[in-house]
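Once you scroll down, you'll see the structures, which are given as structure tokens.
In the two complexes that follow, subunit A is the common piece, with subunit B as its partner first and subunit C second.
Moving on, here comes the complex of A and B:
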């Protein structure tokens, strides 16, 4: 276990380093002249002023010095957005409650729903229920998030006035919080339910023919016990690993589309804004957060793996 | 004696005639012919494959519809014009700029106008052509890069595998949409060699690049298993070069995996193009695509919802038809899938 954690930690640091470097270089290459000073100074600035800003921010230094300085500021929380001048860390902190509410709520919904849908489709394989569920998950997989969002906003929001049209209400007002998140949760979950339930269905159908399932039946367990304790527990392995990665990406700002359709000003929305304004520091910080979540949840998932399937050893 | 033989044959499921060695065996049927037979029996998959073909043909006919039937170019806005809707004359854009809905008159603003007074039906076909084109090119890019990366990493292992796998991991750790808008924005500003923001190829390149790890990882895993098989060993003993083994021994064995992945990647590429365009990092105006149409249409909610609904339905229908056909294709190429369903 200790060796596993140390190895994981080393991989994690390496990945974070590589990802930050790639993002940093991409934006240095992209910025006009490789120097954000011109943008910071504004259109009417004299060359002398641009130079002053350049020196102040250290844009005149070699790229690797700039990189390490930027990263230093990101980690000690003293980096300021090139675009708005706000502290990046506090901007992310401001967006985090929205994104966490969206991600965790939707994550629970899509995980549980796809287990129910996938199991139902598998035990009714080939029959009417299975066909209907297959058609539904196919449509779910083919549905663009922003189109589904637009449909919900128009029909349920404007036409039927069932849901609020956009915005986020803090958790301090639980009823309104829930009210404003129902549509975004649904929108974000549909795609994942489609993917997960189909994977779970085929894994269950594979597992049903395994020897240990026959043994479980032979020793007289009820159908329900066989299904829950033996088949489902083993079939959950691929779903759990996918869930970890997807949830990590959504927490780290991956729900850009959902957040922008519903005007939820979370981390994804911030990432989108920072790309549009070439705000390297903000984007770098968010990408670091995403990568951190991905690597961290990846490690947690591997521990869960070993719990679900005793044949898997941590090494 | 004969009865014993019959009984043995019954047990193994082989008829007595075949056990008789004087009878000649029928010629074998290849795996792809078998797959085709299975696919032909899957009516639903074939029907959706046909729908997809129909959409492709319709989009290819865009110039003909635009010039000879609707007599309007996709970029021509006619904000002050009028159309007849059910015998009544209506402004294309009314006094507050809200576009007219579908006229259901096949020759004139069939599916209504957008917020600049352009013909939605004409733009739908032109936009579809762009969306499909980007999807197709992106799929080719993804598949080519993924096959090369996956095969090299899986066959050569060692340091090559280490480098390729780490690069794939880095791409993988980015959310697909975020990486897409980062790359899309970079190319939009700076261009990338010959690719500029106004060409569709740059969008295709971004979309294609993002999906490489999703295909390369499974291919690498399969190559890792394949390289331990006897026939690869035999090829190595014969002194064939690694390049030759990879192209002529490994690649043919990856064919069914590759075929299964193509519709999957195509469907996702078309969706991702629309998503990037929706966020402003994909297809740039004046080019139309289903993504730009939906994104323009969302600004006219709730007054002119047909601007979102029309391209949205086309997008879903296209992706759905690719997905259902692809599913049928996978079932046909992977016979175990059939057995799986039968055994329950």
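Moving on, here comes the complex of A and C:
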């Protein structure tokens, strides 16, 4: 376990370095529109002013110096947006509670719901319930978030006043927090439930034919015991691995549409605005955060793997 | 063999499955009895219905596409019509089963101790986990697993194939079943391990009065351990007799073919090993009359009718077979060279 963690940490550092380098080259150096100083100075600036800005921000230094300075700023929290002048770290910090609330809540909902839906579809395979669930899954997978969100806001929020229309309330007021997150959770989960339940259904149908399931029945276990202890437990690995990656992506600002539709000012919303304003410094930081989450949750998922299937060794 | 009441009485058991291609008659009217302490071997090629028959006794073939008829009585319980609840109580307790492939028959994600304890406790909730674990240690030791206490904590993938089959046997014995069904328990194992597993079954038979149904296609295994033998072909019993009757006075041409195709040390190694010509029939479209007719060199007009399973040799009332030939005719026809075999058996490379 200790060796696993050390190795994972080394991998994490290496991956973050690689990702940061690529993102830096893409966003800062190969910036569409050319010289960042020129963009910052505006269209009416004189060459002298552009040069002044270039020197001020260090755009005249060699690329590798620029890279290390940018990284230094990101990690010591003194990175400022060229556009707004805000501190990028505090911007992200301000958005994290919202995004974490959205991601973790939705993550639990879509994981558990998928297990129920996928299992139900599998044990009723080929029958009416399975067909209905298949159609629902397909609808869920193909329903765009902005469309589903808009419909919910209009009908359930505006017309029927069942849910708040938008916005985020901090966790210090738990009831309101929950109240404001129900619709975003649902909206974000629908796609994942559709995908995960399909995958779980087919994994279960594969597992049902395994010899050890026949053994479990031959031991005298009830259908439910066979299903829960032997079939389901052995069918979870694929969706657990997906779950880790998807959750990491949502925490790292991937729920851009959901956050925008419901005006949740989280990391995804920040990413959306950064793209709109060509705010490369903020974007770079968000990409780094996403990468960090993906690598971290990847490691956690591997630990979960080893727990779910003892044949997998941590290494 | 005890002369008391039979342990299990199977009467005209029929199992068929509705498939897209038609009705598959996997078991076509099988009847037999087994007494406590007896080892009954069921022999036949793959697809002859032996496994389906055994699984049906445990109620494991039930499903929307399965048609099951006939009776199988274990003590006071009729297994074919028993409710799923009753069957759950019987499975693993009164009837236990050891399967063919020990590599895949244990759940890979649970420690083997837990898997044995699970079976003990599902049938008797009053047993504590500690007591069940202690019993599991005893069982593992009994089937010859060294360091049983420590091995309880091992996962199946940490055992070899033979050891896993011992675990399966220990698990099957955990509730002291009255009937043990071993479905090709040695087929997936090395020859030396096979011998060890058979030894375990032999010891088990001496130690308890459980009846054992041994399903196999290996006549050497049968000769080793069985009291009585049933030969199945395409879903039907074609011959049924004691070990000696079957090996020394086989009545059905299919049995001759099986006996003729055993590798034997006393056979001249330069000759080819005979095999039964042709392939077993598809259970979707079985031949009219005797199922073995298309492959049988001795078939004649009467074989278009199904022969009854009955005693034909006057000196052996318990020796049943399904062949229209006269006993004296058979005794002549079955001699090929100086051994028992099927006359037109085609040679294959030995």
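Keep this in mind: the second predicted complex is superposed on the first by the 301 of 315 C-alpha atoms of A that agree within 3 Å, B and C clash if a C-alpha of one lies under 4 Å from a C-alpha of the other, contacts with A are read in each partner's own complex, and residues count from 1 in each chain.
We take it that a contact is a pair of C-beta atoms (placed from the backbone, for glycine too) under 8 Å apart; a residue touches a chain by one contact, two chains touch by 3 or more.
Because the structure is a prediction, the values reported are computed rather than measured.
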Touched partner set for A:306, first subunit B, second subunit C, both or neither: neither
Which of subunit B and subunit C A:100 touches, first, second, both or neither: neither
Partner chain(s) touched by A:45 [first = subunit B, second = subunit C, both, neither]: neither
Touching partner for A:206 - first (subunit B), second (subunit C), both, neither: first
Subunit B versus subunit C as contact partner of A:147, first or second or both or neither: first
Subunit B versus subunit C as contact partner of A:215, first or second or both or neither: second
Residues of subunit A touched, compared between subunit B and subunit C (which is higher): B
Which of subunit B and subunit C A:178 touches, first, second, both or neither: neither
In the complex with subunit A, residue positions of subunit C that touch it: 58, 60, 84, 88-93, 96-97, 99, 101, 104-109, 118-119, 122-123, 155, 157, 168, 171
Interface residues, subunit A side, partner subunit C - complex: 210-212, 214-223, 225, 229-230, 233-234, 308-311
Contact footprint of subunit B on subunit A as seen in their complex: 14-15, 18-19, 22-23, 26-27, 29-32, 122-123, 125-126, 138-139, 141-147, 150-151, 153-154, 158-159, 202, 205-206, 208-209, 249-250, 252-254, 256-257, 260-261, 268, 271-272, 275-276, 278, 283, 287, 290-291, 294-295
Residue ranges of subunit B touching subunit A (in the complex, touch as defined): 166, 169-170, 173-175, 177-178, 181-183, 185-186, 189-190, 267, 271, 274-275, 278-281, 294-295, 297-298, 301-302, 305, 308-309, 312, 315-316, 319-320, 323-324, 327, 337, 340-344
